[in-house]
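Heads up, the next two complexes both have subunit A, just with different partners, subunit B and then subunit C.
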Partner chain A sequence: MVANTKEVKDKDICVLRISPEEKRELSFKDEQCIGCGICEKICPVEAIELGDIGAIERTGVDESKISVDEEKCVLCGMCSSACPVDALELKLDEKSIKDMEEYPKLIKTAEISDEECIFCKACETACPREAITIARVLPDRSKLVTGEIEIDKDTCINCGVCEEMCPADAIEMEHHEPTSSDPTVSSDISVNKDKCVYCLICKKACPVDAIKAVCRSCSYGEYDLKPEDSEIKGSSFIDEDACVNCGWCEEICPVDAAKVKKAFEGELDIDLEKCEACGACVDICPCNVLSFPESTKPGEIVEKLKKDETFCIYCGACENVCPVEAIGVKRTDVDFTPTKSKSWKKQLESLKT
Partner chain B sequence: MLFGMCLLEIYILKINVSVINTHGVQMPKHIVSGLKYLTAVELIRDGLSQKEVAEILEMDRSTVSHYLNGRNLSWNSIEVAEIITKFCPKDFLTLTYALLDNSEKTRIIVKTCSKKEFQAEIEESCIGCGLCADTCLMNAIVLDDLKAHIDSNWCNGCLMCRDVCPTNSIKIFGGK
Partner chain C sequence: MELKVDQDLCLGCGNCVVACPVNASISPEVYGGHGPKTEDVIMMVENGVIKLFNESKCTKCGTCPLFCPTDAIYLE
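Let's turn to the complex of A and B:
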């Protein structure tokens, strides 16, 4: 008889069924799990149980967010197809069912077009999952302004005023203690022309007029500056394991370079009468949808809880953790790739509430 | 009715076990020889040549010839083998598999010596978990588009797939 085996490593779970014909492997990555409980809902054999998510999230207790009963699990893969954050994955002979056409999967994407992106890093800062990395190469500062600068070392008295005042830290002096054989306070002074922006502050501040400098851009305009020298180059990267397709990047992008497609549509309802402002939902929400409003002026009484539904993925984690049933998450649409299997279709449709 | 048959067979099996014991450790091999003999006879009847039979059962051609001429084989072994082929399909299959410890030969022997025909029907509630396919000793089940398909030619009606199916989606008919 074929029997399942289970391996638990830290908080990750792996259930295996190996027959002469096929190896089935269901893996659960706790770090990716957002505690929504969709796996528990869709499992046709009730093999998955959602843990006490609120307690796990808020106390950091060393426990997996879900448990899988390997005696009950039949390794069908429905949990893997329905998980909105790909924390569960079924592999058949090492191939993920996410790469197999016959298996339906949730239609959800998050993309940043490097063509459109201006690498401002707003999305990187806003992403609640820290899934975005923007790598950018800034232009060479010396190519954006040109000029000439020269210090007459015979006139210079090494007072250090220019070095202290230079906003670009472009002037460097070789300070030393004066001796009878060399009665100076500095042996040399130089200008780093990669750093100098020809602002002429040094020239104006020098008490002995030892600095001759001119900004060519100011005098003759920007005719000799090449537009390509001011180009910002870069690339964007979205960590698909961490991304939850919440849409923060799309919303915050100033040039519409980020595009997000969510798998679920729905409604998020908060009953402020029932809400006791415990904050469990605020802590569990993977998308920073829920927050406590702050009063803007003395004596102002604010609402107990604020929602920003634009970023809601309707996963239902907040509803699960709310101890007073003040939150209702309705899923009105579940978008998944077509399948010929009626049972799979029915089961995925059942996620609508 | 199947249940009744199984009870009877447990009784017969007890007799067989006593036969096995009195004849020592060689008895399982004798029963296997008996099963191979019965299979060879059926295959020849189906029009196969001795050479083909030898290939299918992975035996020497001369051994097949000897078998068919009733040599090198005790009639007692054939008798026990015949009783085994009349067991309920699950017992016939699992006992044969236990005796041979070879999936391919078990399939051939059970398919050839099973007289009954079975038709399988998979309901739409099948989730394509593949547990039936992994369980089927006849390798009669394949998954296609997340649904199991049972090849009636190979199904011997053991019902083990039906027993493991988590969604009760397998119906097996026949047995005539």
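Let's turn to the complex of A and C:
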């Protein structure tokens, strides 16, 4: 039997076994780990131990969130199959078991349809893992409003009123100190037609009526604006390494473009009598489910802790970290791909509590 | 990982004593900012400095270091 070797780089762990028949490699990425401890629970040989995640997450202790005993580890890959955030991955001869049909894996997805998406960026802002990037190209402003504007430079007295009042910064003047050869305060005035929105404020404010301007939309309606000119184009991207399938994007999306499927169903119970409001759960929760309620008026006594279970993935990190056993996470369903192995099925089913 | 204190750094403010959720569950008056009424708690200020009484009760949640102004209490 070839012995396992372990490599630790920064906080990432790699357990390796190279035998003549095959190469087995279990890798752990600390940054992706949410401290749920599911790997510790599912490991059939008790090779994985969850660290003191409260202290690690909150005080920046330089430790990995889990430890793996390479002498106990049999490189079976159950932790890799059960990790809800893919922080653990077993590779057989460089191929991930997540890409092999024989191995079961948790059924969880997060998708944003670029067809439906209006690129409002609400999901990007709401995502607790900063996993979403929305790239958008805005329409050309000058195509959305048309008109005509002209400044009669002979009448203009270079007072700068229009430049100061223009809300679009479209009027540009060449200011200078007057000299005997050029006794003016500005050598030129021009309108940047890409910026001008034809609001006509300059025309109305000009003290010498030097500006002639007309807005075509106001005069003739919007008939000459092409719908394609106002189209917002873009694309969405979800970083699968960072995404925990919490469902914030789906919930906040105004056009139902985001769809999330969670691997676990369950219940999150908080015992407010026991809770001492230390905030460890609030800090560890990867999904921003837990928060401290804010009082709305002086003297108002609010609850110690608030939950929004819509976004809970029932990972159990909060339960692990709670120092006074005030939190209970029940998993009533675990959704995974079919497997012929009864022992794997049994082990994955055991995550139900 | 262990809970440790550096008494030379401690100002005796007692922030850790009242912030500790385990202390509060053992001696509820600390939740309101009072001193604990029993030595069953994890830590207490004695003679002006912090002293650990029952470090084995610590669950390493990381709350006390967040409130200590001088890093006199820490997890290592």
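Structure notes:
Keep in mind that, in the parts below, the second predicted complex is superposed on the first by the 352 of 353 C-alpha atoms of A that agree within 3 Å, B and C clash if a C-alpha of one lies under 4 Å from a C-alpha of the other, contacts with A are read in each partner's own complex, and residues count from 1 in each chain.
Simple rule for what comes next: a contact is a pair of C-beta atoms (placed from the backbone, for glycine too) under 8 Å apart; a residue touches a chain by one contact, two chains touch by 3 or more.
Computed from a prediction, not measured in an experiment: that's the story for all the values here.
Touch criterion met: A:V321 reaches subunit C, while subunit B stays clear of it.
Touch criterion not met for A:S81: it reaches neither subunit B nor subunit C. Of the two partner chains, subunit B is the only one that A:R17 touches; subunit C does not reach it. In the superposition on chain A, A:A55 makes contact with subunit C only, not with subunit B.
In the superposed model, A:S341 makes contact with subunit B only, not with subunit C.
Shared-chain residue A:T146: touches no atom of subunit B or subunit C. Of the two partner chains, neither subunit B nor subunit C is touched by A:Q32.
Residue ranges on subunit B touching subunit A, taken from their complex, read 103, 124-131, 133-135, 139, 145-147, 166-167, 169.
Contact residues on subunit C toward subunit A in their complex (touch as defined above): 1, 19-22, 24-25, 31, 59-63, 65-66, 74-76. Residues 1-2, 17, 19-22, 24, 44-45, 74-78, 102-103, 339-344, 347 of subunit A touch subunit B in their complex.
The part of subunit A that touches subunit C in the complex is made up of residues 51-52, 54-59, 61, 63, 274, 276-280, 283, 321-324.
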